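Naming follows writing order (A, B, C and D), and every chain is counted from residue 1.
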Amino acid sequence: MIETQIISTEKPKLTKPICIVGLPGIGNIGRIAVDYMVHEMKAKKFAELYSPFFFPFVIVHEDKIHTLRNEFFYTKSKDGRDMILLIGDCQTYDPKGHYEVSGKILDFLESLGCKDIITIGGFSTGALKDKPKVFGVVVDDKDAKALKDKGIETKVSGQIGTIVGASGLLVGLGKLRGMGGFCLLGETSGFPIFTDPNAAEGVLEALKNVLGIDIKLDKLKEKVEEMHDFIKKLQDVQTQGMQEFKPKKNDEELKYIG
Amino acid sequence: MIETQIISTEKPKLTKPICIVGLPGIGNIGRIAVDYMVHEMKAKKFAELYSPFFFPFVIVHEDKIHTLRNEFFYTKSKDGRDMILLIGDCQTYDPKGHYEVSGKILDFLESLGCKDIITIGGFSTGALKDKPKVFGVVVDDKDAKALKDKGIETKVSGQIGTIVGASGLLVGLGKLRGMGGFCLLGETSGFPIFTDPNAAEGVLEALKNVLGIDIKLDKLKEKVEEMHDFIKKLQDVQTQGMQEFKPKKNDEELKYIG
Amino acid sequence: MIETQIISTEKPKLTKPICIVGLPGIGNIGRIAVDYMVHEMKAKKFAELYSPFFFPFVIVHEDKIHTLRNEFFYTKSKDGRDMILLIGDCQTYDPKGHYEVSGKILDFLESLGCKDIITIGGFSTGALKDKPKVFGVVVDDKDAKALKDKGIETKVSGQIGTIVGASGLLVGLGKLRGMGGFCLLGETSGFPIFTDPNAAEGVLEALKNVLGIDIKLDKLKEKVEEMHDFIKKLQDVQTQGMQEFKPKKNDEELKYIG
Amino acid sequence: MIETQIISTEKPKLTKPICIVGLPGIGNIGRIAVDYMVHEMKAKKFAELYSPFFFPFVIVHEDKIHTLRNEFFYTKSKDGRDMILLIGDCQTYDPKGHYEVSGKILDFLESLGCKDIITIGGFSTGALKDKPKVFGVVVDDKDAKALKDKGIETKVSGQIGTIVGASGLLVGLGKLRGMGGFCLLGETSGFPIFTDPNAAEGVLEALKNVLGIDIKLDKLKEKVEEMHDFIKKLQDVQTQGMQEFKPKKNDEELKYIG
């Protein structure tokens, strides 16, 4: 495999689809939020993405080989917009890979008629909160107002300097193709926990509000518990891979969001 | 050379061929096991693989330049399945290279009508054993039963977290193309020895069992002795190359978000 | 995105255009000098360059996502030569990327009929000067005389050993395509300041002289003040990215120009 | 520039040309030996090679920008074989780049009808010798005899383990295309001197013998003196580039030939 590739099992006909992206990142907030949506909305898987920019190993899960991948699901809606849900085992460790993977995802979304993309991630503030905030980072001023009306914090400049990886690039590069969208970032402590269901709940509440969809969140924590083993394994693998395959990082602490 | 390339001297017509892969790795178990099969079964070489993702030097062996390569052999069978045997001087040091090399090998195997692949490697347990175990890691549950019936341990989840490099990717990426297969891993101490003939013998016994082939193993240790010099040289070169060309590994834990 | 790409909103018809390049570098001299020219000459933006070799994150500026880019502007002249002004948020961190980005810029300039290129950078001398010197580094001897006549120092061999990144490559690789040009380097202290308006002023004076253009420089410092926040953010991001994504640099001091 | 490219100013018609390669390496033996041949034989330059895998900076030499390159020259012979002489400012720092550059050179040589290649390098033995040895490393046994008859040491296995970079790959990869050739390595101390004219003289003597050509070597040391400044600059730049752009090397000493 020389380039990132997406293998579809079906080409769904979707009405004005909007894509919600939950890739691994700080607190795995996007990953668990969108995974929960997949389960609750009974979304149907229709494509997988594989990349030579993912770590060059397979993980062993439930006694079987699992090749690292991202997965596309869709939901059909009777009265609203259809949705494409994207979750992933990993992001690439490679700077150039982030651009390639993001570009391939955008190509694929365009081919499905998708013109809007919302990426979900975490924003580490170093503090534990009962009611974590949700930040919205837009590409167009008009979206800022709409988000603010739903109670989402869009004054972010002082606090958020960069958004690393696919979460930022998908929205930023999407705009160059005429796609709209924003990042929804759940406030999280940044302490070394690998899932933050509280922050995920906050983000899902915000998303329900913004999209006008109805998902019950009462089973979220239970689901996160179930995902625990697999996500921990992915996290361990990610850590192992970073040590094995990534150029050395400096000692200084780096602020980082994703 | 910009991409990995395979140079064939012959295009053999093979009946339902199954590919057995023995690339360098821990204890060089796959390498010596499949090398032994090549010698014992008088397999015929028909292709070589070269890659820009291999180390950028040639080794000097028996006063001659030897360019790093992987080699394909085949055997014809009167009453069973033909075999393709793949052995290699090295694996790539480059994460992206693992995907490219594995993809090229799978393309080539497909062009030969090969639909099954067994990769052989080692699994380090940190303990010396008289009778080392053999583990089988499958991609499909149905294979697990067949292996278990032959006495191969397929309950591996607690013990094996990842399979690094081509051994895992060939099986994992093969599945995406509709190929079957599994990894056969010989238990080895992981102590700094560069060949473990004991573990290789265990794996070959398992393979004989699974494939129903007849190979005498009594000359294995003698052969390993003969291969000693060349494999030690490859190992040294690998070590040198890793120091020279690979990003340095960190000792510290790395925080990662993305 | 797999290759660097340039997205044009307009294809201007330009008369014998000359390109002035101001990319980030030491003291950000080129960046602020050419940015000032854009403002003062009311140059019109007509294209943007994006690259997978830029850092894989977006920056958050004024509460919005800003994808890293370089920008092309043009000015029309009644009695002289039209100009293409190129400014950038960043340069690539990747050695191979410098060649790709420079090549793509040269392809684009050629398609616009541009045959001359002047890149602007800084040259760190480690000393504070009231009246910093301006150095000109040519590819052809004939240009040296013309520059010397305008009071620009072209005897540089003892002082300048290399020119790193796009500033040097654009001129050097341009020559292979029959393009003329030179680097104009403003002397700067190299102390950790991120903009050096004094050096930029020196370079702009030299450029006015060479090109015979009329730009008032009295608002330069005020403009630099305005750009301060955005450039500081880019600088921080660059620093962060270097730590995160670039192989570790040795402790020894490296002379650097760009 | 995305791939290594060769720019020709002429397509010479050559009779059974043989290529002699002198790229930078330990003691710069190949570089100065072949450079001397170019001068003495009044060889004519007809092509240049540029690569995105070279360091991303230009060097400033004699007050002018010099883009890093390799250069092809040819000589015509009345009664023997024509020659292609290849010298270079640098080799790539990138493992994959070595394969790309070597492949492009071989493509080019093939297009010129060249079927034989001799690369010249140094071999560090850690000892000063009045009369340094010359080693020949072949790809085919038949060449070994011919070299031995000319007094060149071809029993090298105990002493030389690897040949790093283009010197080895050009011969090794050339063989895959049906080209003949060998590496000629001059014994050098490996002490930190950047040119070893003694070793270069030894290699040139051997080459005269092997090729049956007549070059006077009495001006060699004088020429090396003249080349001193430029080669020192290239060496410094190489060192600087390695620190700047290459993954950090381990502390342990690595044996190196090239």
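The working rule: a contact is a pair of C-beta atoms (placed from the backbone, for glycine too) under 8 Å apart; a residue touches a chain by one contact, two chains touch by 3 or more.
From a predicted model like this one, the values you see are computed outputs, not experimental measurements.
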| item | value |
| --- | --- |
| Chain whose Cα centroid lies at the greatest distance from that of subunit D | A |
| Same or different residue numbers at the subunit A/subunit C copy interface, by half rule | different |
| Whole-Å separation of chain centres (CA-atom averages), subunit A against subunit B | 36 |
| Gap in Å, rounded to a whole number, between the CA centres of subunit D and subunit A | 51 |
| Multi-partner residues of subunit B (each touching 2 or more other chains) | 97, 247-248 |
| Residues of subunit D defined as touching subunit B within the complex | 3, 95-100, 102-103, 137-141, 144, 154-157, 160-165, 168-169, 171-173, 175-176, 182-183, 247-250, 252, 254-255 |
| Interface residues, subunit B side, partner subunit D - complex | 1-2, 7, 48, 50-67, 93-94, 97, 233, 236-237, 240, 243-248 |
